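These notes open a run of structures that come right after.
One chain, chain A, appears in both complexes that follow, with chain B as partner in the first and chain C in the second.
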Partner chain A sequence: MHAVFTNRKAIVALTVPALLVMLFAIVAPILLSIYYGLTSWAGFGKLTFVGLRNYRDIITADPTFWHSLANAVILALVTIFIQNPVAFVIAAALTKVKRSRIFRTIYFIPAILTVVVVTRLWVSIFNPNYGLLNKVIHALGFSQFSVAWLSNPSTALWSVIFIMIWYGFGWALLFYYSGLMTMSPEIEEAAVIDGANRWQLYTRVVIPYIFPVIQAVLIIDVISSLKQMEVIYLSTNGAPGDATQFIANYLYIKAFMYSQYGYGSAISVMFVVIALILTLVTRGLTNRNPGVEL
Partner chain B sequence: MLIYSFLIVFALLQIFPLIWLFDFSLVKSGQLFGPEILKIPDPPQWGNFVRAWTDGNIPRYFLNSVIVVGGSVLGATFLSFCAAYATTRMIWKLRVVVYNIFLLGMVVPIQTTLLPNFIWFRLFGLYDTRIGLIIPYIAFNLAFNTLMFTGMMRSIPRSVEESAYLDGANMTMLLGRIVAPMVAPAIATVSIMTFLNGWNEFIMANTFLASESLRTLPFAVIRFEGQYSSDYAIQFACMALVAIPPILLYFVFSRWIMAGVTAGAVKS
Partner chain C sequence: MKINRAFLLLTASLFLAATFAWANGQSESTQTQKVVIKVADNLPDRTNGMGLVTQTILDGFTKAHPNVSFEVESYPDQPYQQKMKLYATAGQLPEMFKYWSFSTLLKPLVDGNLVRPLNRADFSDIPYLPGALDSNVYNGKLYGVPVTADMWFVYYNKSLMQKAGVAVPTTISDLMASIPKFKAQGIIPVVTDGKDGWPLSITYDNLVERLTGSFDTVRQAMARKIKFTDPEFVQAAQILQNMAKAGLFQSDLVTSDYGASRNLFGQEKAAMYLMGSWELGLVSDKSFSQNFSDNVAVAKFPVLASGKGQTNDLVAWYGGNWVLGAKSKHPAIDEELIKYLAHQWGPLTWGKQAAIPAQKIQPNETDSPLAKAILQIAGEATSTSGTTTLDSSTPAFKETHQKLCIELVSGVLTPEQFAQQLDAAAAQAAGQ
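Moving on to the complex of A and B:
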């Protein structure tokens, strides 16, 4: 009986294919990035080894890199302190209403669309001439507020962040709703009988109960704030100036638009390191470790 | 009552962009510049959709998406099923290490592999091929899928497998006839999530494919903007066409999608 579960050949056959795919498509490229990051290669032609110069330049002489990081932090903060509370409140409301299914279905629809449609649609909505947003603003009589949302430096970042929040909202809502639904009604009833008002009920009973879900959502939010790329690539490409630049997009255009492949690779490596550190830190801080529990 | 109005307002916020999209995809292009927020298409310009379909090369892009995404669903589901079983049920020294290697896939950002894979895949003749897109799609779905299967497998008592073995089953029969049916919900969830990820994926398809004949569906929208840069109604029609398959799939399979997300957050 034990033999089945320790059969070497079976273990190898079961894991090696998946491992090979991961090694080929994920691990190998990272190693290659480390190598290319030490060069000033253009992606073609001559390959010159420059040691750690790229990394030094990124850290000391590249304001765009730091600006991109800052934008990711802003996005993470907006996600955590605006999107998540709204999602939580709505999820809580949905657990109380009868016809929640239709609402949940509608709220999740943006999340299943392709990023190309979502981004280009919102670019159209934000268009200063024919876009939906300015038309609504005009109709409401606030014409002085109709601006070029994506090209105006003071509104560009917030517009882009709004797209990302709109796109990801369904996921946050779903996580919180699922978490809230695992809580049996008796717990709530008992708290109410003990005299808890709504605020106490939520802060002392509900939120602690679904804290694991909140932790999971926070980790996902932090990491995905860092990883944003397609929305930028398909809308502003970082413009105006660096206002809407994010790291993943920056490294992409450095390599494919400016032919600074070596430099772009160095950014990639730093990006992976930052992502790894963030993952470990947020998992450590929130004391969750689904990777090791077996 | 107040709750309902709040929920309805919010629902509108989520869905109104799509309504606007479908509405103006049915009008004559120039009418987008009018002041109306919504316009009743009179008459509805179905021709926009026809032109988006043919000029936007949608059938070919659709077919490519089906091939690439279908391949990655099959591959990712099968490979992660096997890997999850080995790291959950089998007893061996490196079990935890390998499990964590698989989970690493969730940490690595896709964009950091774009640059090197662009060169690396070329070496193997995988650039500008469908299989060259299927492989990374599988790779990046392995982490989540393995997590899903692991969660489900851990909740199944070993006794069923053990008695099957006593009855003479070998590993293949054990996995195929006993374990797989028991984790059928996870198989469904994993397949659908992998499908959605691949169907909506853009940047890898954009980087690893060059030929028009191989591009996937999200690209139809991009192509259209170059070609018909001033015909907004047709662009809208194209976006609407690309948006419809996931929406349909969602309405049919919403339960599995919700289950997948739930399991991901709540179970672990």
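Moving on to the complex of A and C:
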């Protein structure tokens, strides 16, 4: 074993396949997207080089792009400030419950369903005439609140965000539960003996301890908020107007429905840049309390 | 360090499995006697309508040529279009596939040399309707065989109309006045595919014609002789928006796709269905009740009492066609296949009452009442629109037109804003 680790040739031979995969699967497509972003092309047929026109149009003349980005940021904020605290509280509660496995399984079931199943399920529930939600609202006597959840411009975005939060909840719970389980009970007992009440216990001891987990979850949340495509495509396709449009769905529409492949590629490059910036910002904002290195 | 035996066994078996899978894939392609032709269409229901016609033709061809078999991919309408565009980008278009003759769809494929020109002489003995075959000609060459003569009207359910006490509407104001009567019975007045947007775009064209009396008005705007910001276009947009605001359509209009809206009509939740003549197969769809089949009928698009358009001005065009992909290992068989399909299509489509084919047909006494009614509407038409505005320009214009119509009916845009943005899109499309 020692021989393998010090043999340069062996190291190269073993890491080259993985590097090649990364090169072809990640680096090459990004470079190609940058190239296609500089063209006007339908995906087939004549390809015209237009320089930075697509990028200029996205930044200065495309309200849909900025609206999609705003929707992604709203989703990220809702995930960070609503889904994560709820997941954390439930995870903390589950660490204290004896038969927690059944609850963990139930909470995790949405996460293992495919996105098609989840979206079609909620589209049916949100159906204004025949959906479960409006029927329950009518039955409870609140008929004035029964609206076309996914078609009404004021409720569409929140309905779609709800679907995404519901779908991703199991993952957040899983991460927090695993993080909390790594904490040994002695630390908690020591804090309680020192006179910490529950609030102080969690804010001064537990959260700083699992901060690397929280940071990882936040970064994943930000990235996945930007990447949302399937839920939108299967439910509203961005309608009404741009109310529920997200960047990944918008770039798909531009590339394959408008047949503006070059423009779609330019959007994807902007998307990578924005995702990198947001990741660095999130890391920067959350690096104040290093906690324990995982 | 001892290499873990279990790990070695797992890796070895994975490697062997992969090798077997690859070898298996190889052996199928070395059998040269059998020919597998890839076919794709937007007709997933093979038990009814044009899906049944297509499958019957493919099965018939296999009977005549036992060495030929087909790999068929069928998707619903809009996902199908996107899939074909994806295939075009990847250079993997099927050998024969259903498409549309429009400049928004077929022309880009022609320009990219992705479809094969056909031999016009192969189809000279088919009694196509005037202009049907020509709608598939680009740069002097024939690229597709037309399948249907498409017309735009209002299907309705006689029993639901009776239940609500509504007579078949002949004017837009009749239509609007019927809304409360339907709502009182819990019936949706009109359904259409709002999610995809193109039915709204076609309806908009129809409304402009009902106002001005001519299908040329939109053509002139597209040719930039007049602007879409002129009063008649804004007024038509206002009418369409008023229809949506008054609750004429299903309340989830912009999230109901093609299948969902068709089902609402077929399941008798809606009294009327704004759609085209290719849905003749509604009457024989086994997933709908007998009551529906007995009561489905069709009416001409209503007129505007204050407008110049007449009831016999019909929005009609040639849309769907079948084309051959340019890349093929056996072009001769493909050409024979499409020739066979073109010859079988008319008699079979009319025989199975699936749609109105793009050729002259013989009416029979045994035709369903719906088919007879459609033929009558077609026969009484005094002027027709030709290709709709939506599909007469670039793909980007088409998507913008659809999106603007969706925004108009959702109330996101005012009719003036709609007209402005439509005009800007038309100017941009004309400039390209």
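Operating definition for what follows: the second predicted complex is superposed on the first by the 277 of 294 C-alpha atoms of A that agree within 3 Å, B and C clash if a C-alpha of one lies under 4 Å from a C-alpha of the other, contacts with A are read in each partner's own complex, and residues count from 1 in each chain.
Convention: a contact is a pair of C-beta atoms (placed from the backbone, for glycine too) under 8 Å apart; a residue touches a chain by one contact, two chains touch by 3 or more.
Source: prediction; values computed, not measured.
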For this session: Using the touch definition from the top, say if A:97 reaches chain B (first), chain C (second), both or neither.
Result: first
Exercise. So, does A:46 touch the first partner chain B, the second partner chain C, both, or neither?
Worked result: second
Exercise. With the two structures laid over each other on chain A, which partner does A:61 touch: chain B (first), chain C (second), both, or neither?
Worked result: neither
For this session: Could you tell me if A:140 is touching chain B, chain C, both of them or neither one (first, second, both, neither)?
Result: neither
Problem set entry | Of chain C and chain B, partner touching more chain A residues | B
For this session: Considering only the touch criterion stated at the top, classify A:258 as touching first (chain B), second (chain C), both, or neither.
Result: second
Exercise. Taking the superposition as given, does A:128 touch the first partner, chain B, the second, chain C, both, or neither?
Worked result: second
Exercise. Counting only touches as set out at the top, which of chain B and chain C does A:26 meet: first, second, both, neither?
Worked result: first
Seminar exercise, completed: Dual-contact residues of chain A, meaning touching chain B and chain C, are 1, 43, 129, 256, 261
Exercise. Along chain C, where are the residues that touch chain A in the complex?
Worked result: 1, 81-82, 85-86, 88-89, 91, 108-109, 111-114, 188, 195, 250-255, 269, 394-396, 399-400, 406-407, 410-413
Exercise. For the complex, which residues does chain A have touching chain C?
Worked result: 1, 42-46, 123, 127-129, 148, 150-151, 153, 235-237, 239-241, 243, 253, 256-261
Exercise. Which bits of chain B are touching chain A when the two form their complex?
Worked result: 3-4, 6-7, 10-11, 14-18, 20-21, 32-33, 35-37, 75, 79-80, 82-83, 85-92, 95-96, 98-105, 107-117, 119-120, 135-136, 138-140, 142, 146-147, 161-162, 165-166, 171, 174, 196, 199-203, 207, 217-219, 221-222, 225, 232, 235-236, 239, 242-243, 246-247, 249-251, 254, 257-258, 261-262, 264-266, 268
Exercise. Which chain A residues qualify as touching chain B in the complex?
Worked result: 1-2, 4-8, 10-11, 13-15, 17-19, 21-22, 24-26, 28-30, 32-33, 36, 43, 90, 93-94, 96-97, 103-110, 112-117, 120-122, 124-125, 129-130, 132, 135-136, 138-139, 166, 169-171, 174-175, 178-179, 182, 212-213, 216-217, 223, 226-227, 229-230, 233-234, 248-249, 251-252, 255-256, 261, 264-265, 268-269, 271-272, 275-276, 279, 290-294
